[in-house]
């Protein structure tokens, strides 16, 4: 465990050096929130109106949270790195190292994520307060639970992306698969809560990764209740186990294929 | 003078053609880049279908007008990224001394630099734009206006990027600023003007000239007005002129690779 | 007739100084500190038609900066440049029609195209009619021995072949002056020799004035009749190769292997470079003394082996740098 913490720390330190670049990149985040604020303000004719069960404030806080999760994830970068590792054969060097490749990827990427996540969260809260002038009615304990579910959401997300990117063992370029995954999460899981989609799609969404990596934590934040909290943690737990198994399975199989081919 | 312009255009077209040929060497990547971009743009239709199911007028735009806005945004993005890809890498080219080769040629340096590469996926944007036009309603008039405004939008986006990237001559690493501005323009370009209020509207008609790249053209296409058309053309020329002016002003400060070498 | 005249040319670069770490980054944004680097300081020279002149000097001496000012890439801070009657600062495009440039570290060719197509592209850049370009290519094909690979995409060519094509591409418009910045960088000795022969042939055939920079002294020794040595932005020597050699060839090196140890001390005109066990190395200045004088000092019966040689050009040049430093 110590070595993973070291990997995490060194990655975090490296990224601290580029803090200025990261902060400037956050302007994009502000713009997105600004656009959504204007969009929903136009659509909600008065603030007390509910659309699909959401008030205007809830809609905007929902997007603030999902966009934090989305933008601090850095999924494309991750997928590119893994695809390159596989294609260039770099991954072969990792086989002999005394750590698990998937673990290495997870912890090194968490270093990057956590830094962005903390900064974006501060930014998101400030933006929400400026635009809306109010904060969701939520207890400290619930906030802690939301943060934990955000953490789980990201770990699952990283592991799923790792699984997808490791398909590169079998086909030339797995980036299109990542692309497809990211589009699904972005279009179906970030902009609107599940309730905005046709009723017949909603059960499918509920058991898809959208629910655990994006919708769940955000919904919990804007409308906390213990039932959905427990439900989300159960689903996240199941997805966590599934994604650990999947990513390690495809890595081990892929490496064996690499060995047969002689790297 | 006329032959000079002719020769200049000939060289830039050749350069774009060769850059395209280079990208076409790998056919699979080439085609999939284009297709993925079309799918990428199309996926955002979901957002508008849902929004218009809630309300049938958003920011004063009907669904059809939003389609048009999307089409024009994609067209402008596509034209600027395909024909002038390096307008979006210009600050990096300035900082790493990549203008040297163009400076010893008897042609326009800015044009040579920005036409030296093409973005293949931008062809997907252009194709997507015309698909949208088909859905919107194709007529000779709409086709011509759409094409014209796509080109003017492309010129505006490239010019704005050139203007901000040229700041690299004075301040060195400005990539972050120019990249952010470019992505802001892309983000705003697909939302109706009417949902925004106040200061931001002034920005749309000044340093983030989406007003001239998208909003005014949408207005002209739904409600033709020759006066507005002339305004758009005049503004485009103004931005092109400003881009050349800033670039050539900065070129006097160009330091080739010397800045990098001297960095301790 | 002078092709290039340079008078009191100076160029400074402003370099941002950045301290390490996060604090340094923030500091450099809020209150940037600059260092002024004087890359070129008041240099003057002139070059005649048909000359082949070498610019040599250590890294960062200002040779590339000077060349870049002559070609119009960089703007001088001070001084005057006249190339073929034009001011590169004002008439950059006009000048471009009559000069050619090869930067060894910056390729200008399209790598996915064949040399032939590349040459045609450059023909278009210089507004040369198709027919004339084709004729020109045929000419160079022979002169630069391109037949073997003229229809192979540039990315499949060896470095030496590429440089040959780069040179041809920069000659397609028959420039009167050719600037070669490190043309042989990264090439092996055999290929270097080949490139040199070709450049020489070209200079003879077309009377093109050639200005060349290089790290490699042998490039210069074999190609150029005139050398301009630059160090720290200043010209420390501007002379013919012959003079340079003659001046420094007044010095000879004696390597001797002795039977027994001799105790020698520096004398007027004789410097001991090395004295280790039975091996001696002396530098003899022929202006002050003679070889026989030096050998007499050694006691001829004691010599097992002796070798008398010229000072290598490389060493001459580095000693000139050092003189310039003082």
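Per-chain numbering from 1; labels A, B and C assigned in written order.
We take it that a residue touches a chain if its C-beta (ideal position, glycine included) is under 8 Å from a C-beta of that chain, and two chains touch if they have at least 3 such contacts.
Not measured: the values here are computed from a predicted model.
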item: Taking each chain's C-alpha mean as its centre, the one farthest from chain C; value: A
item: Higher-contact pair (C-beta pairs counted), B-C versus A-B; value: B-C
item: Distance from chain C to chain A - Cα centre to Cα centre, in angstrom; value: 56
item: Whole-Å gap separating chain B and chain C, where each centre is the average of the chain's CA atoms; value: 43
item: Centre-of-Cα separation between chain B and chain A, whole angstrom; value: 31
item: In chain A, residues with contacts to at least two other chains; value: 20
item: Multi-chain contact sites of chain B, meaning residues that touch two or more partners; value: none
item: Chain B-facing residues of chain C, complex; value: 13, 15-17, 37, 39, 60, 64-65, 68, 71-75, 92-94, 96-97, 99-101, 103, 106, 108, 110-113, 121, 124-127
item: Chain B residues within the chain A interface of the complex; value: 32, 36, 39-40, 43-44, 46-47, 50-51, 54-55, 58-59, 176-177, 180, 183-184, 187-188, 191, 194-197, 200
item: Residues of chain A defined as touching chain B within the complex; value: 20-21, 24-25, 27-28, 31-32, 34-35, 38-39, 41-43, 51, 176, 179, 183, 187-188, 191-192, 196-197
item: Footprint of chain C on chain B - complex, ascending; value: 3, 7, 10-11, 14-15, 18, 21-22, 25, 97-101, 103-107, 172, 252-256, 258-259, 261-264
